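One chain, chain A, appears in both complexes that follow, with chain B as partner in the first and chain C in the second.
Now for the complex of A and B:
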């Protein structure tokens, strides 16, 4: 389709942006309507989200049963990181997982051709057309845990700190999206990409703790190679007031590079894509 | 007995063939077991300023190395197979085979275990020899105890998950219970941290619940934390749990099959 224009160029103009927001509304309304047929899912998912969160808190408390601080972080500070971990799990499961699943199916069955002939940017459609609403519970539960931890810490972040926090969450969203887009793009070449998602999750587990609890070399990997530090640790530092401004700039740079790189990768894949039959 | 061995040999050989076709997936699944390594990476800097709850840095490496090995050697995913087969009707075909379906499922797991054994046993031995401070009790008797405990752990995990998977005959959301089981297993079985380090009341619970025998118990044996009497007492408990789990499996299977043919045909 629009291999000649990059997504960024196309989405950048205001009228285009409004058009894409409207499309998102339509996509998600249909996803929600389809899901409302399976209401039992809501209960089980809500139960599991809470259970996971409690499990994560219990897991963290094991380490704090032995020491008052780990990596210079107190228990409630780590709970903020855990809250962000839960929020981003919810975001990935709600917004990215259903799309990668349907992408794999579409490439395998050859129905991805229908995505390409739609009068909409293929990367935008493939990335966002589906939503698993129930997993939004994880986001709420994570936000609740952050609120609880801030209350226990007796910390009231300033307006600037909140502003930095939301900017960093936005950066983290872009980074996480780029990971998933890269994995989706892989499905053009490898059939069983769902395993890649499992692999990603197994590294994402490291984001349960602030990166400073790890040894030097692992911390470097989690900051520079697989930048998981920017998903949970750095936004948390904004709330507790220990953010280094340089980290914010660095996170922004990583996000932009990844966004540009994965977009180019996607366009390259689309051009070399030859449908399922050949 | 011999004819059974022969049947299992044939089934397992076939399963190895099937699994080799999915080499890439297999490697990725094995690489995905990073969780013990991440937990280790949290403990190690803590253990730098002295032992944590009696565990030195070497002890932590020894513990999580075997924790990783235990997860590989007792990996079970049969509930997902059952869920698929019940939903898509593949169970019908399996029921027509001249052998109980459970043997079919077990053979796939055995094939997987043979390959993991070949891959990970040398790896674990090398790491244990290379990393300083990793001490195991390596006597023929203790290794025999360890092997028995690992087989016990696998049996307990397999039949628990099989029974939970069989609930799929009645509820479409049975896999949620498998997730709950998995989380309890990690917490109380020693998957997150050695159960000796758990805070109360989790620690007391861990020694009452069966999850300890699915991971922690064999590791405790290899690390020399148990007396021979404690090991033998542990085996008695494992045997008791296996008898109970086999009973539950038999019960659910006979009921489930009746239920299945009632709406399947």
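Now for the complex of A and C:
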């Protein structure tokens, strides 16, 4: 491929990216408008988010009433993990859950056809067209908790640590996204995949605590098989200053493999998709 | 290669389906050892459609109409054979192709339930990358043609079925597609609304010289819009040609309705043709096509006639007859080769 060609391709890509950001804005505006139709939801959801966060903190406090650390983590360090847990719960509930729900619905009643006949990347559309705004509260609450824990720890992370933290959060986002995308893809074959999401959540529950609190085997599974460790534990270590650089590389590798793999799976599923009621 | 916008040759779509015996043990059996059977949803269909044509796609339920439309719109991959629409292979779903076509399904809706239709329109504008001025112009035009003005800002769930269908059509046409696949766009609508939708499709076709394939259970849609029909049954193409020729071939009769000015006094009515109905002073005859004018003039001169109309028998009857004949032909075939359909 000569240089000129690849430049053109790059310009074309930027063009595409702008289009997709614009679409994202429009999709989310659309979802927010739809949600505003139901106002009561907001208060209930905000209340529930705070409630579960407090519940989590209470749980951690009970542990730490007996001892000073678990798995090498102190109370406030665990709160950082808990804050990340809450943030990712919010992210999944705000961005991923509504999309998997509407995907199941669309595959079941065949309206997914309308996505496929439009000039839009189907994976992009299916993954991001819908948003539950209320759940952004969890993200804010989680961030608040992280800030509070850092203050209590009297730790001021360096620029590099912040950089590593945000990179790891990004990696975690990709990993979480890939799991949801894989579950969404399953709906092509099995249609009802709600239970799969529940199963994922029960694994995700383990991310409430640093993986070092679990036994060797469970820790290995949570790191390599269902890489929950990279969602909360590893980003937290970046802030605390105990991150092993190899973990970052490893996380990046997992994220890339998953991203590539789930994209391939999606495209394969689209090919074999035969819509409901012919 | 042909320059027609839609070229379909030897298109086939076979499905593997599994049969389940009734009851729990049947479910268990099919869970453990599934027997698959091949269903030929579309079986070797070929046709071409020219630019600006409106073609009616007819056939009983399960004939393969929707499957064909889905292959043409890129939703299904054919088992074999090829389809080309506007020079594209549909199932590659190239953006350049998708931008020029649209699919409307009367039984499914793309509009979001909780929001006014105009919001879905805006999403579509972004997806199809329609420039603002062109979008405004097209929206105006569709609003005028479909009387959308009072509907656009209402929540979709508060619209009637007919109103919703109008909005669905608008949402599907904002990007000014050249090729329209309309799968039962008038299903469930009342007669007035059916007429409106029909007129609109005709008008859109005229204005943009769009190519349209339409399936419908309402023959009125087909007779009003389509000069040409394609009849499919059990995945096979039964007929492709003009509507008039179809009725001439299948029903070589005309319907002669006579309004008499005086009661009939022992006239032998059956001398003019097969009497379908004789009630009071109105009579209906079925007369062979070739003898229509001759018979009509005999009726006029020999009977006390107040009014005569000559028409084709209702197209529903004609189509029903096509399917009957197809079913008979199929029976013959399956008697000849009994063991062809086994489990695959």
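Just so we're on the same page, the second predicted complex is superposed on the first by the 265 of 278 C-alpha atoms of A that agree within 3 Å, B and C clash if a C-alpha of one lies under 4 Å from a C-alpha of the other, contacts with A are read in each partner's own complex, and residues count from 1 in each chain.
The rule is short, and it goes like this: a residue touches a chain if its C-beta (ideal position, glycine included) is under 8 Å from a C-beta of that chain, and two chains touch if they have at least 3 such contacts.
Being a predicted model, the structure only gives us computed values, none of them experimental.
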Chain B and chain C placed together on chain A: clash or fit? fit
In the superposed arrangement, does A:249 touch chain B (first), chain C (second), both or neither? neither
Rounded to the nearest 10 degrees, the Cα-centre angle chain B-chain A-chain C in the superposed arrangement comes to 90
Check: When the two structures are overlaid on chain A, which partner does A:113 contact: first (chain B), second (chain C), both, or neither?
Finding: second
For this session: Quick one: classify A:61 as touching chain B (first), chain C (second), both or neither.
Result: first
Requested in this report: Could you look at A:19 and tell me whether it touches chain B, chain C, both or neither (first, second, both, neither)?
Outcome: second
Partner touching more residues of chain A, chain B vs chain C, is chain B
*asked:* For A:71, using the defined touch cut-off, is the partner it touches chain B, chain C, both, or neither? Pick first, second, both or neither.
replied: first
Touched partner set for A:33, first chain B, second chain C, both or neither
second
Once both structures are superposed, the least CA distance from chain B to chain C in Å comes to 9
Given the complex, residues on chain A that touch chain B span 40-41, 44, 47-48, 51-52, 55, 58-59, 61-63, 65-67, 70-71, 190, 192, 195-196, 198-199, 201-203, 205-206, 208-209, 213-215, 218
Touching chain A in the complex, chain C uses residues 15, 41, 66-67, 70, 73-77, 93, 95-96, 98-99, 101-103, 105, 107-110, 112, 114-115, 119, 122-124, 126-129, 155
Chain A partner, complex, touching residues on chain B are 22, 24-25, 28-29, 31-35, 38, 41-46, 52-53, 172-173, 176, 179-180, 183, 187, 192-193, 197-199, 202
Chain A contacts chain C in the complex at 19, 22-23, 26-27, 30, 33-34, 37, 109-111, 113-114, 116-120, 271, 273-275, 277-278
